[in-house]
Amino acid sequence: MSKYKNILNSILAIIFALFVGAVLIKISGHSVKEAYYYLFYGAFGTSYNFAQTLLMTTPLIFTGLAVAIGFQSGLFNIGGEGQLYWGAFVTAIIAIKFTLLPGYLLIFIALLGGALAGGLWAAFPGYLKAKTGAHEVITTIMFNYIGILATTFLLKRYFKADGPVDQTVMLTKKARLPELITNTRLTWAIIIGIIVVFLVDQLLKRTAIGFDLKVVGENIFAAEYAGIKTGKYTILAMIISGAVAGLAGGTIVLGVLHRFITNFSPGYGFTGIAVAVLGRNKPWGVLLAAFLFGALEAGGMAMQLFADIPSDLMEIVQGLVILFVAAPAIFEIIFPVIKKNRGVESNV
Amino acid sequence: MSEIIEVIFSINTFTAAIRMATPIAMAAIGGVFSERSGIINIGLEGMILTGAFAAVVGSFFTGSPWLGLLAAILAGSLLGLLFAFFTIKFKADHVVAGVGLNILALGITTWLMQVVWGQKGASPEVNGLPEITLPILNKIPILGDLLAFHSPIVYIMFVTVFLSWLLLFKTSLGLRIRMTGEHPEAADTLGINVYFMQYFSVTLSGALAGMGGAYLSLGQLSWFSSNMSAGRGYMALAANIFGQWNPIGAFAASFLFSFSDAVQMRLQGINLNLASELIQMIPYLLTVIVLAGAVVKSKPPAALGEHYEVGK
Amino acid sequence: MKKNTIIILGILLLTIFTMNSLAAAEGRVAIVFATGGLGDKSFNDAAFAGIMAAKEKMDIEYDAAEPSSITEYETYLTQYSALRRYDLIISIGFDQADALNNVAQRFPDQKYAIIDTVVDQPNVASYVYEEKERGFLMGVAAAMLTTKADDPLTNAENKIGVIGGMKIPLIDANIAGFIAGAKYIDPEITVQHTYVGAWADPAKGKELAISMIEDDIDVIWGAAGRSGLGILKAAEERNIYGIGADSDQGHVAPGHILTNGMKFVNNTVELAIKQVLNDKFTAGVNVLGIEEGGLGYTESLLPENVVEKLEEVKNKITTGKIEIPATIDAARK
Amino acid sequence: MKAIELKKITKKFGNTYANNKIDFSVQQGEIHCLLGENGAGKSTLVKIIFGLYQKDSGEIKINDQIVKLKGPADAIARKVGMIHQHFMLVDSLTITENIIAGAEPSSKGFINYREAERKVRDLSEQYNLQVKVDSLVGEISVGEQQRVEILKALYRNAEILILDEPTAVLTPQETKELFNVLEQLKKSGKTIIFITHKLKETMQVADRVSVLRDGKKVGTVETSQTNPAELARMMVGREVLLKVNRTQNNPGEKVLEISNLNYKNKKSGLSLEDINFSIQAGEILGIAGVEGNGQLELEEVIAGLRSFQQGNIELNSKIINNFSVKERRKNGLAHIPSDRLKRGLIQNFNLANNLVLGSEWDSPYAYYSILNYNEINKFKDEIVKEFDLRYTKNNSIAGELSGGNQQKLIIGRELSRETNFILAAQPTRGVDVGAIEYIHKLLIEMRNNGKAILLISAELDELRSLSDHLLVIYEGKIVARGSTDKFTEEELGLLMAGHYQQGGENV
């Protein structure tokens, strides 16, 4: 019952956000019709554009999922960005150094290495939280900066390709993720993303590990009472979360950039927070939310290209979607019909 | 070695730290108010950015940086009020709404910059706030050098630290705000208007963060540059927690962050033969070490992050 | 079924759109800026100035895109290429190399130009600069001013500084030239160099500059994108000399911008367009140094003797009488 | 004159009536008891009088004037004060701050703390309510906290005082003191509304009593005209067995033995000192004591939630000092925690998930970590049937259950495992009479089946009717022990308050 209400709320949130966006477009003297035509066209208009949407979706699936896993376990992992850089970095190094391996194995090991690196990087804040109570919001923010600086440092000192750019050498063909649709940049990364969504969903729903993670997230005192080692699960949650964020970096390297470059992420780790929120921290919800954000971004680019409307407008729309999704009460006030009798417990 | 010590303990390093701490401390104190009333404020980053933008817009159209500062305060307050509206009235999850607010603020400022000035990177130059020399204080050695030659917002920041402390811990309003954050139901049963306390605190939080933003754009510089808050809001959030939800603590934490940043900058200048990335890590590493070293055991207001429904 | 409908609809609408906007001008170019975007008062703005100049002189139309991340480059380049209506598509900035390399292979009939790096494709004209030459000129100018006895903006100490946005090879080439240029004037001069660690944090750039100024540096060069604006602001406030980068940044800090290390991206852009419109497009690498007019300085506040010296140095560089080291370590020796 | 008069007050939460057309009036200067079971609607009614809840319909008169109460501020303005069941106090503020907040003596916004403390001190002397004005509330005893609550109302010049279940946390002696205070307040002309579910107290303190059941008023009677049995009938709607049928027990082997246990909490300074006792199979050992004297610490030390410094805990002949919670559970421990919402269940989980909590790694519910929901749901169905769990929706979450059913959920989970030692802490707290009866019966049944039970409770009646032996704990020390029938209620009360006396063997 409430599941449908959630979906209805999300749809209303998107409509409202697009409506506010339309008002802004109008104010800035552009044609709303033209703008939204290109928004839609840019996201779905051609198979290339649709592939573009999916391309933009892919990293957000991973980073959104990473944040969602944290939330499910009661942790706010803002450190996706740093974990993503480590994932990308290690993936690239493995893909460059172990070229003797056969293609698929190389890709697998490179991604695995990236996931491990992201997981390890996230394990530090998890450990600090479990052992000293250091707030993960602060430590993960700090670890973002440190992680980005550290990978940059290692890149320059040991792995930099010749030339004017701080980047590794190009990956050989066999280390790259194969294209999914020819002549687009869409690769198997999105399939990996969907598989990871499935796995995380199953982990949370059908395993004792997932069960314990959720218990720790819901009620840490009950977890202690039930004999769950809360510290261990705090660290484990961060490792899984970080590993998934690491995969975001790894798939970008193997699928899009084909090498590691400094400062390549436009903040996927942070956008992941919004994606997780919109997807209500449920793996399949994250997938849908990432898709929406991917579509908004791909569409936003077309809007800028063809209608000359700054693509930052889509950032405004994204922000509004999150605000509205966070506040379902807003629609209950506007549309009183939605307000079902909310079960308020009777007196104490 | 002696060179390093000289760098760390020079007056210049301290004055630089004071300047750099100003926007963070202003926002952090804003965070103190908000969180003392029970509302988690991740939206500080967006509030700083909006304040920075509004300040430049104000100065651009009126020619007066002081009106720019006023515009920043207004814009910050407005954003704070909006945030309060969402978190209190619409019961939005505080963290989520804060994240949304930050994205929204980044989008709106970048977009408006293109609407107003037709460019994305930076605004044209406007009149910035002048530096003001404090009389009397400027005659005192060392202390005068440290404190007497700053932008007015730096002085405002120091006054804000003190006044905020007074307000929170010595006045009726402060007691009521603190009670609201600790135990809104208790406050309610004493006839205290819980919602008013929260709206007031969050709006004030926006105003302070907005002023912090104005310092970035009109105090340190004289133009707006896209995403110029550059993560200071998150540092402010950390400073607020680090500073134990106390204005003085928040300032001290902001100062610590900035001080290590100032040292970092100066260490780059003397050739230590260390990669610049490693030196740049210092402030962040230091923060983690101090936090994990359990020097502080933070205890947030008991009802932080909860929604209180009057007469549920 | 549903997806097909959408695609067909899209194609249909696209056709209508392209018919609507048939170019009436003589030529049409597209430009994809570097991620900093317009308004950086330096690199992107200079490229834009080149477009505007071409528009004035050659009656062209243009479309421009301001990507917000490097993963967007390829998308914009592909979208422009797929329209098949541009005489030339211009990539601004070294980090577009990979994207352009891919796109150029997919659209062999489309002509491209890229600035600041090399893309080795038969349909790409690459324009790169001898960055160290510009650095050298700036070093010479800065050194002559700091050793000048009677200048109100300089002190007795012979110290100058340069601040890069990030530690990347392109910036380091400039810094290496700067150090070498200063040592060329006076081997005893102290040259500090640091990095902001960000291209778009002017407040931090300013603080970094102040930390140098407080260490008695009186001529400072900011090669740091939008962060550089903060550096020049510091120079103005602390009443020393600042040196701009890429464009003439004199207006940022009036009375304090000694000179600007010019990278004539505007000329380069204009040149690239002109070559295409005159059917003289040639793929391959164009190295632009002082000799080719790609780099230079503005006279701004430079005293006459310094200008004379700079002209002399320019001459020596073009004739190969001065060898500029390529790395900072080499320059420091 | 009527201090309060309510007419046809109705309040609905969702689809259930908390208050259904209640007529209720209180004479000025009387002590009026509002009697009823948990969930009968007492708290809702007084919250409406205090302006915390808004009535759906009906009319409120205070001092013969029709009033509209939009919030507590309106009630306070009409000199109504309320002492809440869960104290409305902020631990991190001082007593004075807690009392004055909202009505601070101040000039230009600045609080005059000296004036504030003087006022509080004066009031405390006037009504003989001893408090240390500058202590932090988090550091004072429960009894003192209650005095602070009363002072809060008096500070606001309350003429009508509402006390919601004020004795739940007090020793008999403290209760007596409280009643003295109430008498004194009555003498000075105050009107008092006193909420309770305890018949004895009602008879002791009230002039008149109104009984609520299922949101409706059953009737109002003068205490002098009634007796406990009649009140119980009115309250529950049927005859109630006030006594549990406890037969002679048949103790077996020693199951739990605690020797020389010492525990010190470094943060709060609370400690357990030299705790020694053992429980045999087929025995219920009760721990009596005023809340906050180490019961929670003892519970959590035995359950493995806190580590202790010295001594031994032996369960089923194994020293379990260093056992994890899981290992203790495997070794026979079942634990009904004192705070069921905090520890015992996960409010957002459904029944099945709550029931499998703690066994989620064990066969047949999981196989190499993969959960088998067929088995889990089968288990749920069994427990629901066996323990008569009532819930509304098929996929109800634990937070939606009534207190009694939540407790049954926990008890069902704990007792269905292989276990021979039951650590039962406050097993009937906040549940209705029906569930209390059920849980009592169940515990006796378990004892008769040969389980060892440690019963920690704040309800003296419960302890006295269930336990075979009793320990009295005071400030972390066991101050008396003996078989239950050796203690009178009076003696227990004194022992709990720290007065060592005859009765049982003193330590």
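The chains carry the letters A, B, C and D, assigned in the order they are written, with residues numbered from 1 in each.
The rule is short, and it goes like this: contacts are C-beta pairs under 8 Å (C-beta built on N, C-alpha and C of every residue); 3 or more make two chains touch, one makes a residue touch a chain.
Since the structure is predicted, the reported quantities are computational estimates derived from the model, not experimental observations.
**Student:** In contact with subunit A and with subunit C at once: which chains are those? Just list them.
**Tutor:** B
**Student:** Starting from the mean Cα coordinates of subunit B and subunit C, work out the distance between those two points in Å.
**Tutor:** Going by mean C-alpha positions, subunit B sits 34 Å from subunit C.
**Student:** Indicate the whole-number Å distance between the mean C-alpha point of subunit C and the mean C-alpha point of subunit D.
**Tutor:** 74
**Student:** On a C-alpha centroid basis, what's the spacing between subunit A and subunit B, in Å?
**Tutor:** About 28 Å, centre to centre.
**Student:** Just curious, how far off is subunit D from subunit A if you go by their C-alpha centres, in Å?
**Tutor:** So the centroids are 46 Å from each other.
**Student:** Where in subunit B do residues touch two or more other chains at once?
**Tutor:** Those would be 120, 275, 277, 280, 312.
**Student:** Got the subunit C residues that touch at least 2 other chains?
**Tutor:** Counting only residues that touch two or more other chains, subunit C contributes 66, 167, 197.
**Student:** What are the residue numbers in subunit D that touch two or more other chains?
**Tutor:** Nothing qualifies.
**Student:** Under the stated touch criterion, can you name all the chain pairs that qualify?
**Tutor:** A-B, A-C, A-D, B-C, B-D
**Student:** Which of the residues in subunit C end up touching subunit B in this complex?
**Tutor:** 36-41, 44-45, 66, 161, 167, 192, 194-195, 197-198, 200-204, 206-208, 210-212, 214-215, 226, 229-230, 233, 237, 251-252
**Student:** Could you please specify the touching residues of subunit D with respect to subunit A in the complex?
**Tutor:** 13-16, 18, 39, 41-44, 47, 85-86, 303-305, 324-326, 328-329, 335, 337, 339, 342-349, 353, 356-358, 360-361, 366, 369-371, 373, 399-400, 430
**Student:** Considering the complex alone, what residue numbers of subunit C touch subunit A?
**Tutor:** Residues 3, 6-7, 9-11, 13-14, 17, 63, 65-66, 68-72, 74-76, 78-80, 82, 94-95, 97-98, 106, 116-117, 128, 166-170, 173, 197.
**Student:** Can you list the residues on subunit B that touch subunit C in the complex?
**Tutor:** Going by the criterion above, the answer is residues 10, 12-13, 16, 19-20, 23, 113, 117, 119-123, 125, 131, 216, 220-223, 225-228, 230, 261-262, 265-266, 268-269, 275-277, 280.
**Student:** Could you please specify the touching residues of subunit D with respect to subunit B in the complex?
**Tutor:** Per the stated touch rule, the residues are 50-54, 71-73, 76-77, 82, 84, 88-93, 97-98, 100-104, 106, 109-111, 152.
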